[in-house]
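As written, the chain order gives the labels A, B, C, D, E and F, with residue 1 at the start of each chain.
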């Protein structure tokens, strides 16, 4: 399956993400999940960025938290709400909100 | 005739949020969804408990005695009574030191025929592949 | 063009879950999709009328009304609403109230479902 | 005997925070303490009248009324309530509404404060 | 100070507990925090039970979750709501809800 | 004349819950608490950001532009304007890779005189010892 996973939190309270093994996966960082795109904890980038999934972060949610979209990790593509709609309809079949 | 299959995945323990209960009440609502559909069309729901979500399945929850509301356990039993497929991840039960003797297994005392299905995570992955849509709680 | 069903189970103020759901619904409508929004659990807060607009709190009545004019279909879980003291008489105009099977019915012919649980 | 001030900032249904706050208040009253209960944020849900009693949801109107008869003092944050559409006209009888300074005032002579934030 | 710390969750979302070093500390496990009193994860009891603080768990919240108060770790004392009130007034001066 | 000192400890990031904002609005309410007190009595509030709570202090939060509500940053500034002591844990700022150039430092543009206090965690411990009551958010 082609799965778009929404990560909405910085401190994850579930272990689901690492267990999902769809044929194609996108991780869309939204809400406090956008901290994964830029905050380094003890010098280390979030382990989510090591994923082989395609990585996206919502521009509006980055800005809301004071994160300049220009400063996110180069693996992460900054997207708008409109882009998220297109990703959901064109690139993935199912969604998971963790 | 068409069927839309939904997979409900419960990843969190209950009582902190009502989401695990709402997963079951919404899945049970598949029994009456035909009022919104054409003849012979249907929506079916499978429910899987994974991760800390398996803590919802511990038996003898005394929520009604202590807090005057129905336990998550009673919702699991209602789901079985409505013949839902209820999967519980075997690896996660083991991870949290539990066995089948610690959890709800059936709703026999209410006249239910279904048992919960304690299965390897792989089976839950397979279920997720088969569903049209997934709802994570 | 397709159909998107969004289910939002989390609360209005503080968590931005409903804010997110409303913005995503708007973006999908703008692209010509049909959008159903189901609110359940604490998310039913969205359906209560006469929420005061303060700049310190989310205020979604206005954007929701605008989106309903563009075709957004908003339905609240009746039992979840009643349990919270939200009745027919104080429901935002245009928001429907049904039992939980409505959400499943909406997913039947949805091309995509985004279920926002996570609390 | 002392005075306990409890502040509860979390929501009614689902999280058992308000249930916990109400039970603790009852236990403290039974031991002869004076108890103030402040509800703010999503916790202001407690103050809305006519919540329907279903066995699947917490239903605190009855225990809160009983405890108010025993002297429990319940006050809701006015701005938090208004932002959610809870007005004077639909507030549970006996529950007061004030601005946030009321909570601080209550702590002034409290022997113990339990602030339930954590969401 | 003498601090009563209420732990209300199983999956902790804050690191505060390990940093508090009051002269006297009690940890009161309530709500989903009571899982710390009995659940072993991968065979290991919760690290909270290694604390030198006095440990308590609320009977009503254990029972609500299907945990027999007789089966909690021997380091944990099972208490009622009334006991919690007495602990707060008699044994501690301040509280922290994490 | 008596003073009751309250310590507000913010341990979580904002926007997931409104608690960090409510911490600041409640602390600011100490300005008007005298209506409930006898002459010369007062309640004072110190606020400390620790752990992931320090993420609340990142500057240039565009919540108003994107979601039409005030940012947590604006609440921190209001707190400074009301002359609250606002502590930010230095070790936690460093832990999350931030320095003083990344955070709100003052409310100068609004006419405020106070600066935030970036301090070692030890200072925050000392503050907690001095307070009569603690409120963790």
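Assume contacts are C-beta pairs under 8 Å (C-beta built on N, C-alpha and C of every residue); 3 or more make two chains touch, one makes a residue touch a chain.
Since we're looking at a predicted model, the values are computed, not measured.
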Touching both subunit D and subunit E, which chains are there? B, F
Counting only C-alpha atoms to place each centre, which chain is farthest from subunit A? D
B-E against E-F, pair bridged by the larger set of C-beta contacts: B-E
In terms of mean CA position, the chain most removed from subunit B is F
Subunit B to subunit C: how many Å between their CA centres? 24
Calculate how many whole Å lie between the centre of subunit A and the centre of subunit F, each centre taken as the average of the chain's C-alpha atoms. 29
CA centroids of subunit C and subunit F: separation to the nearest Å works out as 33
Could you pull out the residues of subunit D that touch at least 2 other chains? 13-16, 23, 41-42, 56-57, 59, 80, 112-113, 115, 117-119
Residue numbers in subunit F touching two or more further chains are 15-19, 25, 52, 67, 132-134, 136
For subunit A, what residues touch not just one other chain but two or more? 9, 11, 13, 31, 60-61, 64, 94-95, 97-98
Every chain pair meeting the contact rule: A-B, A-C, A-E, A-F, B-C, B-D, B-E, C-D, C-F, D-E, D-F, E-F
Which bits of subunit D are touching subunit E when the two form their complex? 2, 4, 15-17, 20, 23-24, 26-28, 30-31, 33, 111-118
Give the list of subunit C residues in touch with subunit D in this complex. 11-14, 41-42, 45, 48-52, 54, 56-57, 59, 79-80, 82-85, 87, 90, 119
Which part of subunit E faces subunit B closely enough to touch in the complex? 9-11, 31-32, 35, 39-43, 60-61, 63-68
Contact footprint of subunit A on subunit E as seen in their complex: 11, 13
Per the touch rule above, subunit A residues touching subunit C in the complex are 6, 8-9, 30-31, 60-61, 64, 80-82, 84-86, 88-89, 93-95, 97-98
